[in-house]
Every structure is written in C-alpha cells, then in structure tokens.
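Chain nomenclature is as follows: A, B and C, assigned in order of appearance, with residue numbering initiated at 1 for each chain independently.
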Amino acid sequence: MKIAVMLKQGPDLVEDLEVDASGKALASDDIKFKLNEFDDHALEEAILLKESGAADEVVAMAVEGKGADKILFTAIAKGADKAVKLNGGNPQDSHQLGKAFANALGSEGFDMVFTGVQSVDDRDGQLGPIVASYLDTPCVSVVSGVSVSGGTAAVYKEYSGGMMGEFEVDMPAVLGIQAAKQAPRYAPVSKIRQVQETASIEEVSMGDLGSGSRSSVASMAPPAKGSGAEMLDDVEELIEVLKDKGVI
Amino acid sequence: MGDILVITEHLKGEFQDITFEMLGKAKDLAGESGRQCVAITFGSMNGKSDELGVADSVISVGGSDDYNPESYAAAVQSVVSAKSPSLVLVGSTSMGMDIANSVATALDMPTVSYCVDVSAGSSGFSCTSSMYGGKMNVVTNVDGSALVMVLAGAFNADEGKSAESPAVEDFVAESGAGKIRFKQLIEPEAADVDITQSDILVAVGRGIGSKDDIKLAEELADILVADLACSRPLVDAGWMSKEHQVGKSGMKVKPKVYIALGISGAPEHIEGMKSSSTIIAINSDKNAPIFDVAHYGMAEDLFDVVEELVEELE
Amino acid sequence: MLSPNERIVFILLVVVCGILAFQGFNRVFKTVRCGADADRSDNLIGRFITALFDVFLQKSIKNARPIVSLFHSFIFYAFSFYLLVNVNDVLEAYVDGWTTLGSDNILANLFNLFADIFSVLVLVGMVFFLYRRFVQKPKVMEFNANVKLHPGVSAGGLKKDSLIVGIFILVHVGSRWLGTAIHLADNGNTDKWLPTASIISGLFSDWSPAALETGIHVTWWLAMGLIVLFIPYFPRTKHIHIMVAPVNLALGRKTHRGAMDGVSNPASPGARTLSDLPWPQVLDSWACIMCTRCHEVCPAHESGTSLSPSAMEINKRYFINEQGNSLFNGAADTALLDYAISDDAVWSCTTCYACVQVCPVGNEPMMDILELRRNEVYDAKMPDELADVLRSLDEQGNSFNESARRRSRWSRTLDFKLKDATKDPVKYLWYVGDFASFNQICQDTTRKVAEVLMVAGVDFGIMGKKEKSAGNDVRRVGEEGLFEVLVEQNIESIESCEFEEIFTTDPHTFNTLKNEYPEKGGNFPVKHYSTLLLELIKNGDIKLNKKLDIKATYHDPCYLGRYNGIYDDPRQVMKLCGVELVEMPRNKENSFCCGAGGGQIWLPDHDDMVQRPSENRIEEAVSVGVNHFTVACPKDMTMYSDAAKTSGNEDNMAVNDIVDFVLEAMDLPEQPMDETFSSDTEEAVSPDTLSEELNL
C-alpha cells in the first residue's frame, strides 16, 4: 500500500503576530514558519503503518518555498521513502494548494493520502477534503486511528465528548488526520543532515492551479481587546476573587 | 434571494448545541436581509423538527440516522444544488468539516472556516474568522452563494430555540457512492470523573511544561475540591487521559469556575469552556488569546502563582 | 640457595606462567584494539615521562580520600621497591653465596633497611584496606540499589577479587618478611638494618638448623612462587592497574576538557557497543581500580539515581572477562545498554566532569555516556521532554519555546537602552544566553549586570534575536547535528558584529564559545563576566564605595571551574566588595554540581531521586555557617534559589549572584532595586528581614 502525505507550513504560533501594511495579511518577514502540527501527525501515522507492515511506501509531498526542502528531508529522516516537491507555481489558498496536490497525486497511483485535519491558515477550507473532491475519492476528516486490511481501511473519527465513529473506507481515499497513534517522533538534525547528503527530492510540476477559493481577505486584525479579562496584580487579589465566587 | 440554509447536527438522537447556535444567527441574518431561514435534517431527526422552530421551514433528506461523511455530504450537495441558497451554515465540527469542504468544492462555492461572526452586507455577507490559534480575526466578504463553517460557541444557543413548529418538506437526495460505510459508535471508556458535571475545574495546558509538574495543579485542585482538566496537547502526549480533555474533540464544560493554567486560548479549546460562569486565566504571555475570553487574568508565571496560592490556602 | 631440582622447577614454573601470562596480556591488548580509532601518538615520550612522574608522586590519587591515599602510597612505594627485592631473591636462589645479609656494603644495608620497613608498610596498608572493605564497609563503596550490575558483580565479584589480591599480597610480602626473620635466626638473630625482622626473629631462635633451612625454602617459594603464579592472573583482576594505569594516564586525552571530540562517522555517530567506543575508553575498563571515587563525587549517584560511573567501568570489565576470546572474534555486538549501564542512567548524567577529575587512573567514564547519548539520539531515543526542547531550539533558537524575537525582552524594564551589536560597533559583545534571557529569576541578575556596566561606562551591546543558544548542552545531550547548525548560525551572527571581545554570564556558553567554536571556524576572544568585573574594579571603572560586611560561601560552577580552571576571579570580586569568603569542603575543582548540566535542567526529576544535588549543596553551605550562597552562573541561580526553598532553608540562606555584591558595593545614589545587606557582625539577622532585604 502506498501512502502520500501532504505537508504544509504555517507561521509558528509561538511568535507575536502582526498585520502587514496592506491590512490583509500577516507581516511574515520576521516570523518563523514550521511544519503544520497536524501534518506532522499525518506523517507519523503513515510511517507507523509502514513500520507495522501495513504500508510499503510513504511519499512525503510539499510545495516549493522557503523551508520546503528541510520539511521533506526531515520526513525522509523520520522514515518516509521518497520526497516530492511541487514547483512551478505559488498557491494562494487551500483550493489552489489542493489543485496542486491533486494534479501531482492524480498520476501517481496512491492507495491513501494523509494530511493534517486542518492548518493554522486554511481560512478557505481544509486541504484533505478539497483534494478528495478534486480526485473524486472518499474522504474522512478528524481521524485519530487507521488500520488497513485488504483494499479497505478501518478509520476512527473523533466526535465531541470523547466519542468516536468507526468507518470502513474503500481505497483510494483521503484522510484528514487529527492525531497519530503516538506523538510525532523527533528527527535528529544529525540524521536530517545525513539525509541531505544521500537522498534527493523529486521535483514535479504543480500544474494548473485553477482560480482558487473565489473568496479573499477583506481585512485582518487582532481580536478586539475590549472586554478582556480583568487583570489581577497578585495572589491576594486572586484569593479575593475565589472567595467571591464561592470557591473558598 | 436565496435562503440561508442551516445544516443541523445531531448525535445519538439529539440535536447538538451548534445547531441552535447557527439557527439563532441564521434567523437574525434572514430577518435583516429579508431571506428565509431553512434547516436541513438527516435520518429520522425530522421527527424532532418542532425543536427547530426558529427556522422558517425544514428540509428532511432522510437517509441514515448515523452520520456518514459521504452520504450526508451528497445529500447536502443535492439540496444546495436544487435550492441555490445565498448562505449555507455548517458547524466547524468533525461533521461539518467533511460536509462543508466536499460540497463547496464540488459546487465551486467559496468557503469560510472558523467563523465567529457573520453579518449581512449590501449584496452578500461579511464573515469573521478566528485564525492563527485565535491570534488574528480575518474578515472575508462573500457575494452570492457561500458556505460558512461556524465555530461552536460563537453564537448563543438560546437564540436558536423557540416554541414554534416549522413546516417540513421531504427531499429525495443523493446518497453517495457507498465507499464509506459506518460501522459503529464508540463510547469513551468509563471515566473516573465526568468533568462536564464539575463545579470547579483546574485546567492545565502546554504551559505546565512537563508531566511531573502536573502535580502542582493537582495540589491546587485538591485544596479547592476541584477536578482536573486539560487541553488536547497533554492528552496527545500521554500526560493525562482523555476524560480530562476540554475542547472541540473533548468535553464541553460549564463549571462555575474554570481556572486555566498555562493555556494559550486556541479556538479549539475555547470552544469547550467558554460557557463557564467565571474563567480565571494564568499565563505568562500577556498577549495570549485566553485573556480575551477570561473574566480574570494574571500575566505571571503559573508556577509562581500556583505555589503561592497553594501556600496561602494551606 | 635453591637445590638444583628446585631451580629447575622454578624455571619451569616461570616458563609455564610466562606463556599463560603472554596469552592473557595479549588478550588485553587485542581487546583494547577492538575499540574505535583514536590518535594518542603525539609527544609519546613527553606523555610517558609526565605520567611516570605523576604516578611516582602519587598526584592523581591525592584528589580524594586522603587517608586511604596515604596507605596506598605506602603500598605503592613499597611495591615499586619490591621489584628490586624480587630480583635480589632470584639471585639469592640461583647464585651461590649471594646475600645482602651481614654485609659491610652500605648499599646492601640500605637495601635491607628499605626492604624491611617497606614490607611492614605493605602489610599495614593491606590490613587497613582489607579492614576497610570487609569490616568497616563504608557506604561509599556500595552502589545504589537501582544501578545496573553485571551478574558477576552482584554475586560479590568485587569482594572476591579484593580478597584474592589482599591474600596474595599478604602472603607474598608476609612470607618474604618472615623469611628474612628466619635468615636472621639462622645467622645471628638481629641486624640493625633489619629492625622489624629482628624483632620477630626471636620466634625462631630455638628452631633447629634443619628447620630453619626448611623455613627459608618454604618462605622463598611462597613469596616468589606466588608472584610468578600471580602474573598470568593479572588480566583477571583489578590489580592489573599497576601496569595499565600508567599507560592509561600517559595516553589520556590531552585536548581541552571543555571540547568534546567530534563525531567520526556521521552516518552512525556515537557508540552502541564496546567496539564503537574509542580504544582509550576500552583501556579505561582495564585501568579501573574499582575504587568508587567517581560515584562518590557524582551528583547523579549521590542523589539516588541509577548512574554509577564506577559500575559502568566495572561492568565493562566483567563483560570483557566473561566474553574472553569471542570478543574480538566477532561477538562484540552486545549493546552496552544491555550490560554496562542502563538507559535511565545514561540520561541522568549532568556532564559535571567530576568523575574524570577524581579518577586516580585517568579514566573518563563521562565520555562513554556522551557517546551513548549520541548514538541514542540518532535513533531519536531520548526522554520525550528532551525532544520537545530540541525542537524548540531548532525552531526558535532557545529552549524556552518562546519566540526568538522576545530574546531581549528582559532589557525593556531598564531605564536605558542597550546597544544593538548587530548594528553598531561595540567594545564588548555580550552573549547573553538562553537562561539569562528568558528565565525570570535569572533576568533580574541580567539586568543588574547591564546596570553595573552602564554605570561603569563600558561600551557593550547585545545581538537580540540574532543570538541563539550557544549549544553547549545540545552537544552534551548528543544532538551533534543541531549543535552544528546552532554554531554555524551563531558564528554568522557574531561575525556580523564589530567588537573586541565577547563576554557572557553563562559558564556553559563561555565553555563552548571558547573551546569548541574555534574548531568550527569561530575563533573569538571570550571571557566570563567575573573576569570582566574584576578588570573593571581593578582599573577603577567600577568604583566600589562601600564594603559589605557579610560572610558568604562561593559555589564554583562546573563549566567555569572544573572545565576551565577559573576559580579566583569571582572570589577576588567578592573580596574586593568586602565579602568574607568561607569555603565549603567541596570547593574549586572538587565543587559539587548543582545538577542542571547535561540537559538535566530540561528534564523532570528522576523518580528515584532521593535528594536533589542542589539541595545537598545548600546543606553543605548551611554546615559552614553562612547565610549567603554565591553563584556566578544563571543555571546555578535558578537551581539554588529553588533548592533553598525546597530544602527548607529559604529563610536562612540567601542566594546571590556576584553582581549583587558589586552593585551593592557601588552604593549608587538611586537604587532601582532596593537592597541592603545587613552586616553579619551586627545583631543576629532575623529570617524575615534577611529575605526582605535581599529582595529575591
């Protein structure tokens, strides 16, 4: 079974975020970007399936850009067999990104496509279901458990309140991963550097990106502070509040 | 003008709060813009359509009572194709994510995620999304037909309830290719504690730093006779078990007092606790989004505060 | 003196034992050669001469346990002399009429005197050692219950070995001494050159000549036969240290102790098996005298965890003995983690260097642990918390999971602006470091340093977000790749600045910048701030207007003291401020680690930790009767501030940085931080006023 994992970057939320001069986008010159947390889980789940023998090949895919190579080499260091970089375009939103991946995936013959359930900047929709729609394959989102037998997968979807729904899905299919069976593993930098020497990234054209989401940002701003929390100065004041609310 | 469509959500035979939250808002928007508010029910939920009185009418697509990403999306797609609504509201939930993206992409409709506010404009709507872990609000203007995913807790569920009974229309919808088959609903294991019933919760987030340090929060919880709760990352890391998880895929809690330690305030977590009567947040980052939803806050190191608090109370 | 038959038998004995010994020692040699490459061939003659002097003066053993070391030196000098004695005895056996007894030759008489006295010294020393191990049984010779031990060790192997060696020496030397007494009884009872033998020769005065003759032969055979028999036994006992230790000391690492060795094979870094270790590390297990000095000074072992560097070396040795020849015939594939040391122990090490410092035979157990870490990290096997910290360091250049852009936020509350060294030239580039920048307790100290330098008119600047963690501890947890990335980026940032010198308050930062960055292309002059403060005080830029009348103790940070030999600068700074320095028993190179190094500050306390090393140290300070514990390192500041509280000494032990004293002694007109140190000589300081006044 061949699994493709779609990887994307987003701003590191540890940063202080600011709006740029246009008032419509993040000021992104100074901030660090990193692999989307849920995509890391998607990659981990794929590699775990490979380690258990359920999958034969894991292919990591990402769109070109600053940091794309590092993400792909890191994926190989973690256990992916191959890395593919999509070039020749600049996707502006989830729809264009989805088109790019769909174009590349279409010809490859995958049994499963994993990606993170959502990302920090996917305002116009989540990548997994969008790609599934373009490829006309079934998709289940918010998945936190996958096992495979024969040509179908048993997939566990998270609902609220700790409940889960078990589904049987025919492959090929796309899954939006919420959590892998274990936390994403660490990829030692020493190993990533080794991989950089020995492995190579295949480049593939992303093709026609279509017109995108047909919706654009009108403005961006931090949430109004207005009626925020009443800030307390010390533990004495906190104790007063707790007394007041009947806690102590 | 097209209707405002609300995709209802149900689990185990009951409509979820998100349904009423969306209905309330849809009714508002419909009234403002002279449109109709229409709810879509699945399976036998049409039997409870009198709970959806806020809507002007209900469309029952039938099909299975158990949620299925494929058949539910196909059904919704049929309805949207047929009715050409000007706005479709779906929950930004496990169910909503499947349906919204699938329908919108197939019908080439604009989508807006993580919506916390919608207002009617001159010809279309203006949607505000909470992005980047809650650190930024992004406004999207949409003309024509658009699909909006609404964050749980963004609107008031009470405004979506009324005593009226709407008219119900049966609709024969597509049911999809049958490539996804529902097997079973899995209830969570019997938990030691049901935090949805707790009066006081002491919740820990990533700021706690290590599994060991949770002991400090436990001490506080003991003294306050409170239960422990946590955000999703701690469950993923194996530091706490799932029955303590508050948030989108965890529990929705409404305690009298919710003390959030080292929790940044990402929307997925806020969803689970914003209905708490009093929220007290302690986070060393004074810009953390949690302070927007908390009633009281301290921008201090949580260890200093909790240690001192525990000392004073002992 | 021996009969012709005896002479033949002895020669045969020598030949047989010689062959066995050759095989045994050959195995030692081949085992050591199993290890990975290491080049210790530089200046061989100089190395051996230094080592021989070291051994002759017993320098390396004096580091610890003074009384034991004294007894050991008895045995050492005696045994060294006994080489001559054995030669003399063989001559006596084979050359008719050869004897040193009853001679006029002064050399012969001196020989007799030394032989006599040394024999007794050896016997006394041996009795003391056997008493110590079997009767007194000091706790320090025990391993914590959770330490991994080779089955042979758990079965009492160390005691057995000590007993065998002890008995051999007692019999060998004892027989020889008795034999001399019997000779005297044979020749005339006393000889002033053989005082002790003369005393006991009386016991044999009424023996018949035949009995005396028998006695002489028997004692000769016991003495000489035993030693010949013992020679092939050496490879099976720790007693082989008499031969291996000088070699181990001669071939030790001569590179700076603060610079780790590079990774020889990036595709498979570090060590998993014995043969992955560089050969000097294998030689260590042969040199090991199994004395447990190393775990006595190890903060991890002392605090109750499963790490005993001593057990590790001993386990390696027992494994080698057990494996025999299969070791170098391809069976050397067993993981060290299976028999030598547990995974938990590997991750308990604070890299304080105390075990290397104290070892009398030149072993470096810590190096094994560092290589094991490298190997584990390459396979992403490490405590989970560590992975999170490494990710933070990779993504944001600091271990606090904070945005890099917040690195200089500590300076916002100063009432002056700091120079940006990446934009303007400065005289001193201040490399602030992670802890000094982000840890709230440390930030106070950082601000005080800034203030002191500002008032002193020093031209300095910081790099702000361009500065990343220098990487000292990243390297020491085994992430060589991340270390290299950080070094590259930091060198680039530093080179973009114009400056004369770098200074830092963090000894870890100081250590790597000074000793490891040059090899990677970053050769910058760097000093610790204690050195800078001293210079500024001496040249008058910092004016000390008030003498602080307090008593304080000073804690030598591992990476400043033991690693880099800087002990006096901070002490001088304190003294110039008028502080009376009271030393703790474990001071200077014997300083006891706070427990933060080697990544420990990023990890939760070990489950079996009985008492934190930092709490142990605070108690040591309490025991010398001071109320002020002085540090010169941000990690020490945070560790000891915490330990003062958790050990219940919050009200009687204030933790100060040396800059606190400087600032106070400067007696500036408007103090932003209201601190007054009350004089220790005035009425007893009440606990409340102490903590209040110190404004901690």
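Operating definition for what follows: a contact is a pair of C-beta atoms (placed from the backbone, for glycine too) under 8 Å apart; a residue touches a chain by one contact, two chains touch by 3 or more.
Bear in mind that the values here come from a model prediction, so they are computed numbers and not experimental data.
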Chain pair, A-C or B-C, that carries the greater number of C-beta contacts: A-C
Chain whose Cα centroid lies at the greatest distance from that of subunit A: C
Subunit A-subunit B separation of Cα centroids, rounded to whole Å: 20
Whole-Å separation of chain centres (CA-atom averages), subunit A against subunit C: 48
For subunit B paired with subunit C, centre-to-centre distance based on mean C-alpha positions, whole Å: 59
Shared-contact residues (touching 2 or more other chains) in subunit B: 237
For subunit A, residues that touch 2 or more chains besides their own: 16, 183
Residues of subunit C touching at least two other chains: 384, 401
In the complex, subunit A residues that touch subunit C: 12, 14-16, 30-32, 34, 183, 185-194
List of subunit B residues in touch with subunit C within their complex: 206, 210-213, 237, 301, 304
In the complex with subunit B, residue positions of subunit A that touch it: 11, 13, 16-17, 19, 26, 95, 98, 117-118, 120-126, 128-130, 132-134, 137-142, 154, 156-170, 173, 176, 178-179, 183, 213-223, 225, 228-232, 235, 238-239, 241-242, 245-248
Subunit A partner contacts - residues on subunit C that touch it in the complex: 263, 266-267, 269, 374, 377-380, 382, 384, 387, 390-391, 394-396, 401-406, 479-482, 484-485
Residue ranges of subunit C touching subunit B (in the complex, touch as defined): 384-385, 401, 440, 603-605
